[in-house]
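Each structure below is given as structure tokens.
Each of the next two complexes has chain A plus one more chain, namely chain B in the first and chain C in the second.
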Partner chain A sequence: MSKPDDKTTGISAGTDSTEAGSSSAGGIEKGQGNGDSGFVILFFIIGFVASLIIGWVVFPKLLYSQKAQPIDFNHALHLEAVSDGCESCHLFREDGTYAGVPSNAQCVDCHQEVQGDSPEEKKFVEEYVAKEREVPWLVYSKQPDCVFFSHAAHVKKAGMECITCHGPIGESTSLQVYEENRITGYSRNIWGKNIAGIKREPWDRMKMDDCAECHEKEAGKRSSVQTDKEACFVCHK
Partner chain B sequence: MKEEQNHEKAKQFGMVIDLDKCTGCGACMVACMAENNVPFKEDESKKLDSITWLRVYKLTNGKPFPDTEICYLPRPCQHCGGKGNHGHSPCVSVCPATATDYSKETGIVSQIYTRCFGCRYCMAACPYHARYFNWWDPVWPDGMEKYLSPNVSVRMRGIVEKCSFCFHRYQIAMDKAYYEGRGELEENEYQTACTQACPANAITFGDLNNSGHAVHELKKDKNAFRLLERLQTNPKVYYISSREWVRRAGDNYLKTEKK
Partner chain C sequence: MKIDRRCFLSLGIGGAAGIALSPLPWKLADDSAIWTQMWPWTPVPADGEVTYVKSACTLCPGGCGISVRKVGNRAVKIEGVEGHPVNDGGICPLGLSGLQLLYGPTRVKTPLKRAGERGEGKWIKISWEEAIAEVAKKLGDLREKGESNSVACISGSDKGTVPSLFKRFLSVYGSPNFMRMPSIQDSYEIANSISLGFIAQSGFDLEHADFILSFGSGLIEGWGSPVRMIRANSSWRKAGIKVVQVESRLSNSAAKSDKWIPINPGTEYALALGLAHVIIRESLYRNDFVHAGALGFIRFRDLVLSNYSPDSVEKITGIKKETIEALAVDFARSGRPVAICGRGHGKAQSSLGELLAVQALNALAGNIGKEGGVFAVNDPAYIAWPAYQVDEAGAAGIKKERIDGAGNGKYGLAKSLTNRFAGAVNSGLPVSLLFVLESNPVYSLPDTKAVKDAFKKIPFIVSFSSFMDDTALNSDLILPNHVYLERYEDVPATAGLSKPVVSLARPVVSPQFNTKHAGDVIILIAKEVGSPVSDAFPWDDYQACLEGTAGDKWKMLNEEGFSSDPAFTAQAVNTSPGKFDLSGGVADLSILFTPVNLEGDPKAYPLLLLPYDSFRIANGYIGDPPFVIKTVEDTVLKGKDILVEINPATASANGLSAGSYAILKTPKGSARVKINLFDGIMPGLVAMPRGLGHTAYDNYLAGKGINVNELIGTLEDPASGLDAAWGIRANLIKA
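And then the complex of A and B:
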């Protein structure tokens, strides 16, 4: 019982002395210029808020240009019609490489003629199928030259589902706007939508740390002499 | 060597080059440059500027005619395992940027170009001159950039590059293996560009730890040697020559010293 009492008295004594010190110092400042320091603080707050707005709201808007995909593709509609899920269209080639975005050849079986009343489908058939032009899709996941990524290693060897990294794209009825970084030319999906860099889902961001995070947790290989993590050449080329 | 056998699953990719077979034609050098997007200069005779991941050296025994003998020695990166084969190769040990790394899984010394900042410590450390510095950005003749390999990233000015044992070919081969439900590669699925280009079959490439691969036996040849073995860099490139003066040229010996 005696101990807490000692403490409280000790603390109160401490605060007493600091209060006394600060009040005497504050008294001198107040006497000299009350208005000046008020303005300084006000301008500081205004400047601080303004730079926050510029940095977090205005700059990202300026940095990214918005581009619409040539065709607004409806994933949900197509996923109902196919039998083999994502791999019906996004398939592996026989040499183990990943075909990524399908080419027209995979679409023309159904879309030789306009089937429904969707203006997007009409555009696809008239502009691309009839003219035998490939659709210049904008690829959200395009990485720099130095990055090597193997779909086979993740899907075939590790047995991961598409949704684990890509999210519920199959349920979307419309493609998201492609935001291109005006300086680097890469999609905003690489850096992530959140300007603070906060990631909630695996598909929010595609930076090196995001790959490394999972590789450290899941793969658990420690083949690198330098880092004692997974060797650099696994993802770099 | 005992160390190697302990890691049964770990691969140690390496090369055995038969110098008796090498004619010095340079096909390996050309194949390497084409495969790995190695930039070239207008004046390739300026050796401080030129980049050759694989360089064919010409050795002579220094004797006057008619005893003159010549030997050609192709020199890729030796992918040193370092003393005790722990992966502490000279370049990996000195890199302050973690740009060069040794993989215990494949035994390959990697160079990450985007990570390198060009201090060139590794070039100073490498006793084989296997590393090259990009003094200039690569300039490709008009239209040639369309012929570059997409599997190898192009390097820029101010960084160091070197032979990777065509690691991208390993990645591509592994992709196919995964697709077919395998975890291991056949010997012929992963071969370097120089190995395949050699018309004399002087270069043999494979996993030194795998007894099914040709290099496993070839490295035990009585005429097999490695370059500068005394430094204990533990290279993974072996050379074979039936000529004693060539074997002696692989290291520095005093005149009175026997090998």
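And then the complex of A and C:
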């Protein structure tokens, strides 16, 4: 057993000495390092810049696929027509639960027949209302199933505005492109448009930290002994 | 200047540094964490509005009211309905698991026609029109040939509109052969005919009784209406009411009772007669129903006084005479004692002698038709359809004798004797076409081989099952019914209830597959067969029939979910004093009261095999869904092995030990079983659960354990034609 060991040591020691002779230490001594190290630095920079481009520009492009909504809904137009703001359509049911995205049943009161000349409305009436199919809306704010979120607690009890988390969606005349994370299947809006995760407005992101930001400030109850914050089970039931 | 290895190293380091300063690694780490929550097999709860639909459970004869929680269009949970007269908010494990039947893989999704050999499982899909036309054509041909009486139907129940439509169909078509699956109510009906003079089932006001004497009835295992029984049990506990369980093995009911009296199996009738002896001898009986001067009473009295003294009964039953004396006095001196029989779930018949002996105790205690006692309960009253015209062919057919013999000659008092069906077909009585409705006879009738042989002799079998069960698998055509959670249907709860309740099953979700309501199918078949059969079905569809039948109660049924109005459901019949005939015109009482001679040579088969019922194993039309089979203890089912219970003494006599394998042999067949030693079973007995050993259904149920019906047979009670076999002789040989 000792023989091959010795041999290996011998070879590697030899290699080391050869390397040492021709590279760094020797090179500097001989004063020939400028050109070589120039290349080394150049390559470092190439590697550095290329990967920054990959990380900041190419990666986000690859990570998200772009999907169009089945119908291009005009929030602004509808908001003008209703009396009760967002809750006119995104309503709370009698039992206090939140209905989320409206179903056809809510829309048909007005859209049993095509009323205007919008091609999107025509598509909605013909493809969905007439065929009794629900619209497969892509939901920008859909959270993983491990999160328990109650709209009633936030809107009804804490009196928060929709805009705080969802942004001024009500003013939009057209739906933004839905960018789906190819790995997780969730919308880009959860992480935020900014790939670095930096937000300017409170509604720019919807990650756990963004919830926690508010919960740390607002929620009086510190129910976790370990963290002296709100316990995990507030949302992760 | 040259580009060497260092440059590439440097490129790599630069790249790494750049990547580290980009969001890529952190974002990827975060995304992959979330990705792990997205496995396709991770169950994701449905999203949507939460609603509740009131309906009724049809999975057993219990007749519970259920409330199904839905999220969006998905049914997610079944709960009991508060305030329902049967279950008042309670539910059993089977009822709770109904969604697995609705959404599970065993559903038959479209009409199927057999393609390969029977039982091979090769099917072709056909349309409803083709299927109905094919059945109607066969029916038409048979009728033309004057063989209408060779058409038969085996149904899970004979109550409610759907079974009644099938029965009506056969009657106008020209066949008397509507049969229902056997149960203890067959025995109660005949016993009531004899002692009360009219046919009726028996209901028990167990909630108000103050002394319960059970002859092997599974009070906790699910006798009659299981949730109701569990509730009654709790009320007895609270009120300190005494429960005595007479049974040869320590069942859960025996374990929970105040007194367990082990008895030689099959001698329950003798104990009842011994108790009657003491009650009569001590003049402890009440005159309400038995007139000391009545002939029936005198004959009965003479018989029990001379032949059934505690001394002789001790010899038959193995119960000490002191115990018998004390029990008789306890029973008779209680204010509202009640005696109840029907082994286990009450799904098997018992001999007429046993029934009459036990009912005699109720009569002697004076509790017939009284609070806390036994009631004679008529069939539900609400199904009153207009009379129909029969043509000559129909009239001739309906007059012919039934395949099972019921209603004729020595079986004159019986309404249905499905226990005799297989034997009759095998002996050559012709059945050309069989409808199977909400039942699984190939699995649940005793003597599976004889039943399968009989099925082989029937050229055309039509199953209406929603599931690919053992019978559907052995049929030629499957016309799948909606599952109960997809259909409207009246659900009369009659199993042992003194006040019947009719509930309404309502569709909780829309039909998931290309199935059709069996009620609609039989109406369509009738229309296709043509006049006069079609004239007897004036309804457009089943829904019209049901609403018309319910009449002014329809609104209430829909809103409340049930009706317990006796005018609508069924009347408990008043039994006038002195009208209970203890020996009921039976000429020779000794035929009634003889021990059943079990099949098998005692030398070759020194042991007795006793099937038993468990709360956790469904053994009717419905088999255990996955949730329920998981609750079965590993002393009953381990892996695919079934365990039989034997006493340690039996084990050592046969060279067996706990966990060892043995071959269980009976005159009907043999099976490989595992041994479970149990001190709570008498030596010489081998107990095996009913409800395992399915050949059909899903992987959770099929192939697990042994179907005890393959090992037992039927044994005709000479006095009534009922099946009197409570077991069979057996042998256990070390494997």
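The rule we apply is simple: the second predicted complex is superposed on the first by the 205 of 237 C-alpha atoms of A that agree within 3 Å, B and C clash if a C-alpha of one lies under 4 Å from a C-alpha of the other, contacts with A are read in each partner's own complex, and residues count from 1 in each chain.
Simple rule for what comes next: a contact is a pair of C-beta atoms (placed from the backbone, for glycine too) under 8 Å apart; a residue touches a chain by one contact, two chains touch by 3 or more.
Nothing here was measured: the structure is a model prediction, and the numbers come from that model.
K.L.:
Taking the superposition as given, does A:Ala231 touch the first partner, chain B, the second, chain C, both, or neither?
P.N.:
In the superposition, A:Ala231 contacts chain B only.
K.L.:
Which touches a greater number of chain A residues, chain B or chain C?
P.N.:
Residues of chain A touched, chain B against chain C: more for C.
K.L.:
Check whether A:Gln69 is in contact with chain B, with chain C, with both or with neither, and answer first, second, both or neither.
P.N.:
Neither partner.
K.L.:
Would you sort A:Thr97 into first (chain B), second (chain C), both or neither based on which partner it touches?
P.N.:
Once the two structures are laid over each other on A, A:Thr97 reaches both partners.
K.L.:
Given the touch rule stated above, what does A:Ile41 touch, chain B (first), chain C (second), both, or neither?
P.N.:
second
K.L.:
So, A:Asp145: does it touch chain B (first), chain C (second), both, or neither?
P.N.:
Both partners, chain B and chain C.
K.L.:
For A:Lys157, is the partner it touches chain B (first), chain C (second), both, or none of the two (neither)?
P.N.:
Once the two structures are laid over each other on A, A:Lys157 reaches chain B alone.
K.L.:
From the superposed pair, tell me which chain A residues show up as contacts to chain B and also as contacts to chain C.
P.N.:
Touching chain B and chain C on chain A: residues 95, 97, 144-146.
K.L.:
Sort out for me which residues of chain A touch chain B in the complex.
P.N.:
Its residues touching chain B are 92, 94-97, 144-146, 148, 150, 152-153, 156-157, 221-227, 231-233, 236-237.
K.L.:
Can you list the chain A residues touching chain C in their complex?
P.N.:
Where chain A meets chain C, its residues are 23, 35-36, 38-52, 54-56, 59, 63, 93, 95, 97, 99-100, 144-146, 181, 183-186, 191, 195-197.
K.L.:
Please output the residues of chain B touching chain A within their complex, sorted ascending.
P.N.:
So the residues of chain B touching chain A come out as 86-88, 92, 95, 98, 100-106, 108, 110, 112-115, 151-154, 164, 167-168, 171-172, 174-181, 183.
K.L.:
List the residues on chain C that touch chain A in their complex, please.
P.N.:
1-4, 6-8, 10-19, 21-24, 27-28, 30-32, 34-35, 37-38, 42, 44-45, 47, 49-50
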